[in-house]
Amino acid sequence: MDLTMSPKAQALLAKLEQFMDEHIYPNEEAYARQLHELENRFAIVPLMDELKAKAKEAGLWNLFVPEDYGQYSEHGGLSFLDYAPLAEVMGRVTWSPEVFNCNAPDTGNMEVFMKYATDAQREQWLTPLLNGDIRSSYAMTEPQVASSDATNIELRIEKDGDEWVLNGRKWFITGAMNERTKIFIVMGKSDPENPSRHKQQTQVLVPKGTPGMNIIRPLTTLGYDDAPIGHAEMVFDNVRVPLENVLLGEGRGFEIAQGRLAPGRMHHCMRLVGAAQRSLELACKRAVSRSTFGRPLSKHQSVREEISRSFSEIEMARLLVLKTCRMIDEQGPMNTTDMIAATKTTVPLLVQNVIDRCMQMHGAGGLTEDYMMAEAFNYARWCRQADGPDQVHQMALGKQIIDRYSGA
Amino acid sequence: MDLTMSPKAQALLAKLEQFMDEHIYPNEEAYARQLHELENRFAIVPLMDELKAKAKEAGLWNLFVPEDYGQYSEHGGLSFLDYAPLAEVMGRVTWSPEVFNCNAPDTGNMEVFMKYATDAQREQWLTPLLNGDIRSSYAMTEPQVASSDATNIELRIEKDGDEWVLNGRKWFITGAMNERTKIFIVMGKSDPENPSRHKQQTQVLVPKGTPGMNIIRPLTTLGYDDAPIGHAEMVFDNVRVPLENVLLGEGRGFEIAQGRLAPGRMHHCMRLVGAAQRSLELACKRAVSRSTFGRPLSKHQSVREEISRSFSEIEMARLLVLKTCRMIDEQGPMNTTDMIAATKTTVPLLVQNVIDRCMQMHGAGGLTEDYMMAEAFNYARWCRQADGPDQVHQMALGKQIIDRYSGA
Amino acid sequence: MDLTMSPKAQALLAKLEQFMDEHIYPNEEAYARQLHELENRFAIVPLMDELKAKAKEAGLWNLFVPEDYGQYSEHGGLSFLDYAPLAEVMGRVTWSPEVFNCNAPDTGNMEVFMKYATDAQREQWLTPLLNGDIRSSYAMTEPQVASSDATNIELRIEKDGDEWVLNGRKWFITGAMNERTKIFIVMGKSDPENPSRHKQQTQVLVPKGTPGMNIIRPLTTLGYDDAPIGHAEMVFDNVRVPLENVLLGEGRGFEIAQGRLAPGRMHHCMRLVGAAQRSLELACKRAVSRSTFGRPLSKHQSVREEISRSFSEIEMARLLVLKTCRMIDEQGPMNTTDMIAATKTTVPLLVQNVIDRCMQMHGAGGLTEDYMMAEAFNYARWCRQADGPDQVHQMALGKQIIDRYSGA
Amino acid sequence: MDLTMSPKAQALLAKLEQFMDEHIYPNEEAYARQLHELENRFAIVPLMDELKAKAKEAGLWNLFVPEDYGQYSEHGGLSFLDYAPLAEVMGRVTWSPEVFNCNAPDTGNMEVFMKYATDAQREQWLTPLLNGDIRSSYAMTEPQVASSDATNIELRIEKDGDEWVLNGRKWFITGAMNERTKIFIVMGKSDPENPSRHKQQTQVLVPKGTPGMNIIRPLTTLGYDDAPIGHAEMVFDNVRVPLENVLLGEGRGFEIAQGRLAPGRMHHCMRLVGAAQRSLELACKRAVSRSTFGRPLSKHQSVREEISRSFSEIEMARLLVLKTCRMIDEQGPMNTTDMIAATKTTVPLLVQNVIDRCMQMHGAGGLTEDYMMAEAFNYARWCRQADGPDQVHQMALGKQIIDRYSGA
């Protein structure tokens, strides 16, 4: 099991760390202020556009592009293992992945276009997405059903003449409210009676502004609206798009969803390791700068034990991510479902606990926006639900492991 | 150890539960909407005033008033043990304590006025507070120092002629931004050279609008601004008030702080038990109404184990609160520091974990404002810092227990 | 909820504590040595008989006898609530309950005789048991089946003329190997085809030495053989006893088991609270007597936090036990299954964790027999399995709570 | 970070796994029975000698020998990274490392002889140790002092003419009672007034049977005596050995201890990963073979979640061990203290928890000697104390990490 980065990725990592030092960390306050001052919470933060231009110029652009689709990036594509340390570094500042055009859900959506779209679709949507000119949403989760089992999806997609007609309700549609979002990939049921539960679904492209598409409200998680990207609840009320807006083909929606979600889960975990690592570093700085009852925190045995535990846990989380990445690179995500599930159900919870400790060492201020920790805590907590609650993945993983070792 | 409520309190509890059923739970959505629609996040929510009038009429007003100061309430005062189940019920809806004039920090501030103020101070501030006409703030915590050790407080209070002059910075000043807040109790250092570290502090009354008092910004915890009450960061820049605005006397600020905080800690824990209990009930409802992979959640053994664990933990938390209350009633808070510390360092964390589980059973929606859980989670998390981080109380409690059993 | 002990029980508690101080704690080393020197691990420890005589003389005998059967004791019977603090004190020394004729499984067996036996059975077996002259075993658990569901029991009890014939295998038969054990209460299936799954079982009395009854081996848990009481695996091979040896009646075995187990579970939890409390006290003594890196353990913040946490947890465990006892006293065990399950699934695990921490503070020695902790740790761990694994009780409790709050 | 085993180690691993399948697993019951039947608990188990002969013949001998001392083994030495998977496999059966001459404390002692002994000392002791003809002990820990800080050691070593004279008390002297143990490496204080606290200690060789060396008693941990190896408490009463029995040189005892302990800690962790892995496999087998309430355990969601969690945790523990090994190989143990401490303070606790869950799934039988789990649980628990309590290592690691990230 070789977990070594390629020289190409190492070079990118060095450049990325330098960029973070020069352009990201020094701008954290300014970014927060600009976001705060926006009239519309989901408008463009001016600083973001400036930084995107700089990142593009520095060759730190579309780092997520996978090896198999290297033609879509300047760097020629990176393996999972190579991308992990880059995503970790970006995860140190919650909003920074967008600077490098590496933020969810656009990365996943771009991969969908690369893998499953027609040339015309790619030209219309992938090109501006890769360029960072527009943003996109992926509309899958529904409030009424346990969407972690994609076969439960109820939004109706019916053929009517040369159009698809969509009716249904979605929520947690990330990016839907952002000013720059132009295209929605919508999953729904086109053939609910199909005896194969995995052939009932279809995915279609719905441009923003199509009549009948209504944003009901922004959703929050633990008080965060995640502006300017955010999560929306939406209603599709007789939304009509031409038949050619289908992705891959009628009845192939489940197949797309399967392919799309595994990388997304790994990207979240990579970033969360970075969030935990930065929280640990903040806690170490705090430990030497704050005194209680006449002793710096750093000399309290309990603080040392918590720093020690956090360090160890982050090491383990990172190794788990890297091993899973390596296995995906070697054998593909469909043969690595065990390790992907192990990573997805372990890392967010572990990171939540690490950050909880680090926040606590910061006193009341640790819960505020003065540090990146509170928002990262929300991110970790959210990831225990995102792409399916942990319990669903544990159900599958548990079954798989029991089968493996019981000889069943 | 008799943990039985008095008949008077039982009658109030029955009335309160009926009031919650009739007026509070049915208004949760309306309250959220009205709050959301306020131009100023810290203005008055119209529904609140309507409900306050109804609660007053129903005789459910100022329930917090303690036995020793029974004259300040219609019900004649309640023991800690009697108040605990009432506060628990109010804790089921985060914003409901205000309906009954039982919300922090006003309850603590009113107690300060009852115990330590002059008649004139009482007439001017306590009367309208008891009436719910104004609100108040308690300005103690400072960003630069570990304020859990009150002797660290740095805000300077100097005598200049017939005035006190205040200079310094405070944060987490709850209620400071609310439109109705009219009076601040401010703790500072008037005699920093006094050889007794507990006589260096003084508390003075500062009416809102006094020149030099500036609100810097609202603070958030885990993304919540806790509007319309909220927490502010403030600067006191040569703020001048007359000498008679001193509370209790020069150099007696520490004494007031000691007396004020113990009840506050207990009130938080009482409410948190209610928040956990309601979360458990929501989880039970969810368990029967939601199915995954063809079985209702209620039939999954893991769900039953988590419900079972949560029930047991809530029982224990409630009993710990009640026993501590009973002991405070019998021997006073100064002789119950062990049990108060045990409660304060146990209940919020326990409740945070219970709510975390209950949220998880609700899928992604569990983290939104569609339920009371996410905000209650923030409340529990915040209480691990409020009135001093748990670790500081554990330091004192650990020492006390070691001394007790080691014969040291 | 009044958790106050009766004056009678308070007087017994004071006497018991004095007895522990004078006769039990000073003899812990001597008892261990005598046990160690026994040729037969399951013989009588001489010191035990001396102490039993003293306890009887002091009026500290058969303290477990419940209120409804007060005629069987000098003290006239105690409620659950009254017995709990006495059992807690006995739990401080693992072997001490026997000194007061209050040890498992004899207490449960004596209750069975009180409730369900004929006068002749009582005279033959209950009288010497109450006198401490003989000991008894309860043979229910079987290795092949999940015995927590008593309907799974497979040992065959068949009528043949005027005799019952027993065939089957049992394990974890506590006390079976002890020299003084004279009588076995054996549960088996007499009517496996009965459509009511709760009428298939019968319990019969089998005197020691009945041909066909074979002890296969002593069992250990975590390395402990629990000598001189111990747990045996046994085979019943055509064991014959007269028909009058039936308890209560054919087909009523399940009913007896139900009635017997609830008190047993509570007694374990009472004793475990005492074991945890004593471990905490040992840890406090250790904290002041041991230094590492130049500071006594008592000054390490981490030690204070662990002492603080342990104190708080023990308080909660004790309160949960007491409330459950009070409810059993008021409404009977069959109406208190929720709280009994909550106690049984919470206290042993909590105590295991408390003791784990206290052992750790003692360094390597904490794991040896130099302290009572290691054996108490085993006792707590074992209680998570005894009388049914926690998970089975959580299944029932979870279902009950979900039903209660979901209105299902 | 390349975690790939060398081809040589891979070949050994394949051979070792085959040997386990053919000779170890099929003999677990026989070994237990032979050990049980020994008159002297610390005598030689006949099966062990048979298996040692077979292992030697199979070329599976002295696998622990490190790369730098390859001349002492047939295989020519293995790196830490190469040895880890081998030790993991041996850890699946608690007593099996001795079969391959890879058991503690002999491995550590042999390394001491390789690194620090004179040729004469090597010839006398190392040669028969490498051959498996004798066994050895390492006498460091003392009951009166916190021996994790080696400078606390109090056993007195004084020069008297041409002899060293030893006086003091030791405990947890692993192997001391074993019939085959012939040599003790004893650490003591030869120069207590030396201003350098790390030059006060000396280590000397004391052959078994030297007058004045008395074994006081065997020690148990959680009820286990770890026979036939075991842990002894010993008194050294004017024990005299010639001056040439010094190791490395007077005043260099601390240096030896430092060098000896790091590999030992890693070896424990490697084996514990194997113990956890085997427990998981047993739990999976149990899950399909046992039913409760009409469903096999494998279909209970709670069982799947616990299997899933255990799998994930074992993966992380294994990766942490491997990374630390790799770093030791690259930069030496003295430059890897952070990762060694992280491993030592994480893996045993994690493994204890994994085994606890797996035992619980086995019902009451899970705690007996019918499975390897209970004893492995004790091993994991013990390792949280062995080579220093976790807290001491966390103190050092916490300090190191705080320094690293605070720039202090």
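Just a few scattered comments:
In this document, chain identifiers A, B, C and D correspond to the written order of the chains, with residue numbering beginning at 1 in each.
Here, a contact is a pair of C-beta atoms (placed from the backbone, for glycine too) under 8 Å apart; a residue touches a chain by one contact, two chains touch by 3 or more.
What you are looking at is a predicted structure, and each value in this text was computed from that prediction instead of being measured.
Counted by C-beta pairs in contact, the busier of A-D and A-B is A-D. Note: the chain lying farthest from chain D is B, by mean C-alpha position.
Centroid to centroid, with C-alpha atoms defining each point, chain A and chain B lie 37 Å apart.
Between the Cα centres of chain B and chain D there is a gap of 53 Å. The distance from the centre of chain A to the centre of chain D, with each centre set as the mean of the Cα atoms, comes to 43 Å.
The set of chain D residues that touch two or more partner chains comprises 301-305, 391, 395. Residues of chain A touching chain C in their complex: 300-305.
Per the touch definition, chain B reaches chain C in the complex via residues 1-4, 280-281, 284-285, 287-289, 298, 301, 303-309, 311-313, 315-317, 319-320, 322-323, 338-339, 341-343, 345-346, 391, 393-395, 397-399, 401-402, 404-408.
Partner chain C is touched in their complex by these residues of chain D: 141, 143, 146-149, 171-172, 219-225, 290-293, 302, 356, 360, 363-369, 374-375, 377-378, 381-382, 384-386, 389-392, 395.
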